[in-house]
């Protein structure tokens, strides 16, 4: 089993408040992985930390055994739908084309291949007929599918998606799910922050169950035990949240400087 | 200059009274603007007043403060309605709505002002004082009208204080407990427009936003309680009014507004830096004191672990032993040892040797206890593997308060051993509480 | 002829400001643009004091620097001092602008600025401010040359940087995820805004630069759902504003810049009501024709 993502003692604060404590897991390649947990359990923060959008207080992340910057072109990030103002004046095709932007290729022309890949991606999510439509005219499910198309156009190996099924109609959900299964067949790894326990059991092969700390990471069946679920959903640990508040109020560091868990 | 402060000239007395009233009422009203996060809306209202003042002059041909006030309130209110309309009924965002209304209304005001100026009407001289304020140019009538309005505003705010507080903080909750939220917001908006319309006498339209929110922003750094915040903001507003009046007399060619703003901004900067809990300096000091606490406790822990194997804690320890056990930076270590001496936890034996005192032993046990209790908490309640707990506990041991310690003991049931099978050192008084 | 120069100057200002303003409006940073246009004043006064000849390049560099500084101070107050964002913006620019006004008053003799005119400019005098070469050749009004140069820079930024601006505006998280520096694009945009503000000062003054930064882009936003059309429309609206404003000012014998702001507001007003896709009245008529309930924007 090759490891797609490895985190080691990942400790992250958000707005100075500790959100993730010493999260430690390894997830295998080629699986559909669900990140579950109650609200405020740090799921989005985990995704953002993996993506380098938030700097951890301590610990590190390895993607395919490497540092993020080495393999960035192999990773695709799909943010939450609300992170974008959908009144922005661009078309569906333009969003998909963004998947072909590269950090150092922002200035040059987009090639014919780029356009082709973008259109193919739109086709895969069933949005090619809408290619010239302005995004403001789309429904929630269609918007989500466009986001997924952009992600596909990146031609990545690892896909990180934040709540792709939230507020999405049944048809779009179906379309995205089918697509995800195809991606898995093609050997891609997909990690999804998900909100619904019931569907999670059906969708995912591997679960990361979070509640500010890692409750369990493993195959779906091994994670879905009464004990694990109680630990995750049974409410915040009072002492832990009191300590978190203290750290925030008194500006304590979450880690002493000499103990920052750097990679060897 | 010293003449001013004797207040012997009745004119000076009156103008100063006027500017002080304006400063105080703007600051108090502005506190609510600040709390509702509407600073920039206040800025737009101020700019929108200019066309109203000009129109009032054009219509009546007179600079009577009452007419100008009516004009000011009219366009001020119109701007509020426009901003509201634009942000709720079109896809324009709030900031765009504010910026558009601000610049268009102000442009209209400038157009009208220049038209009036070019028309050579005899009466118009001095209308441009509304741009940057000119306190000393306030005549009896001005002070009377604006002074009365300012007092009225103060009375209104104080009367409706609690209702305004709830509506500003949580309108949904306010509605749920039956408060007439729309009417209250209407009242608050009217009060804001009036405060702005009067305050421009002192500061002018361009800088009015500062008179509204800078006192409140500065006050916010000193307190978490809204009553204190109001009082402080009022005090800052008072100071600025006094200062503005003085400037207007000492340097008659200068506009008052910018000077008032500079003073308020300096007060704000001082508050940002120096305020006790929320100020930058205080936070830096807190971080430094945290670092100091961590250093001292780490040193004590090292003493403890050196003595633990032999179960003897009062032996003499050499500095090199300490550094071998834990890689201290030598300068910090020396500082820490010195501070521990002063706190009575250590005795210096000879050149580089130290010994724990009884107090020192007790304190070292406390820190080690907290470390091990937290490690146990991590393994038992948070699913940590035993080999992963040390680093977190190293940080958290310094944070845990006595109350949290008691909670931990209750939660874990007065455990004897930590995850690594080390004994948890209790104080004599702690053994076996129920 | 004078009318031509004045209208051209207005159009140049409107175009530079408008193109940048499109991105300010889409980033919901309209008021930061307002703040920068005020905050540059002390820098301008100091530049006037230091430079005998009004050398353009140092002033532009200084302007960009001040824009960056202002953005920096606002960020500092918001992130480090933890002051709420509207107050951070408000306090920063009022303070800097106040200092500028004081400097003008104090150095009234040495500085060719008038405290009221920094608000609304002296565009009527533009045709008189001629650039005369050493050989004695008259090259036309100096502001027109400077503004044209800045316009070229803005066009360069908007065309070459189109994708960078687009992606960091539309979805900054995604941009960061693919390794694009959102911070870089932010400061680049703010520098461009300050440069444009500074050179526009002489013609239209501080407040009215804001009108050109915000109002035509806002109007264009209501008229189209395509970014490139929005940019083009902003330019057209800017030119219309300049023309209309000039004639309004002549008719009323008032400030040209003020009149231009008023015209831009009228165009916005018309778009709000009658925009084919987003107009309040057009939507109401359409919904009534289809017998649907009329909806506000916030309950979509």
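For clarity, chains are labelled A, B and C in written order, and residue numbers in each chain start from 1.
The rule is short, and it goes like this: a residue touches a chain if its C-beta (ideal position, glycine included) is under 8 Å from a C-beta of that chain, and two chains touch if they have at least 3 such contacts.
Since we're looking at a predicted model, the values are computed, not measured.
Colleague: Go through the assembly and pull out the chains touching subunit B as well as subunit C.
Modeller: In this structure, the chains that contact subunit C and also subunit B are A.
Colleague: Sort the chain pairs by how many C-beta pairs are in contact and tell me the top one.
Modeller: The largest set of C-beta contacts joins the chains B-C.
Colleague: Measuring between Cα centroids, what's the chain most distant from subunit C?
Modeller: A
Colleague: So what's the Cα centroid distance for subunit B and subunit C, whole Å?
Modeller: The separation of the two C-alpha centroids amounts to 31 Å.
Colleague: Nearest whole angstrom, what separates the Cα centre of subunit A from the Cα centre of subunit B?
Modeller: 36
Colleague: Counting in whole Å, what is the centre-to-centre distance of subunit A and subunit C, each centre being its mean C-alpha position?
Modeller: The mean C-alpha positions of subunit A and subunit C differ by 38 Å.
Colleague: Give the residues of subunit A touching no fewer than two other chains, as numbers and ranges.
Modeller: Not one residue of subunit A touches more than one other chain, so the list is empty.
Colleague: At least two partner chains per residue is the criterion; list those residues in subunit C.
Modeller: 28, 221
Colleague: Check each residue of subunit B and list the ones that touch at least two other chains.
Modeller: Within subunit B, the residues that touch at least two other chains are 91.
Colleague: In the complex formed with subunit B, which residues of subunit A make contact?
Modeller: 9, 11, 21-22, 24, 58, 87, 213-216, 231, 237-240, 242-243, 246-247, 250-256, 258-259, 261
Colleague: Can you list the residues on subunit C that touch subunit B in the complex?
Modeller: Going by the criterion above, the answer is residues 25, 28-31, 33-34, 77, 80-84, 86-87, 89-91, 94-95, 97-99, 101-102, 105, 115-116, 119-120, 207-208, 210-211, 213-215, 218, 221-222, 248-249, 252-255, 257-262, 264-265, 268, 272, 278, 280, 296-298.
Colleague: Please output the residues of subunit B touching subunit A within their complex, sorted ascending.
Modeller: 91, 283, 286-287, 290, 294, 327, 377-378, 381-385, 388, 391-392, 394-396, 398-401, 404, 407-408, 411
Colleague: For the complex, give me every residue of subunit C touching subunit A.
Modeller: Touch list, subunit C to subunit A: 26, 28, 160-161, 163-164, 166-167, 169-171, 173-174, 176-180, 221, 224-227, 229-230.
Colleague: Sort out for me which residues of subunit B touch subunit C in the complex.
Modeller: Residue list for subunit B touching subunit C: 34, 37-40, 42-43, 47, 86, 88-96, 98-100, 102-115, 118-119, 128, 131-132, 206-207, 209-210, 213-214, 216-217, 220, 253-255, 257-259, 261-262, 265, 268, 272, 278, 280.
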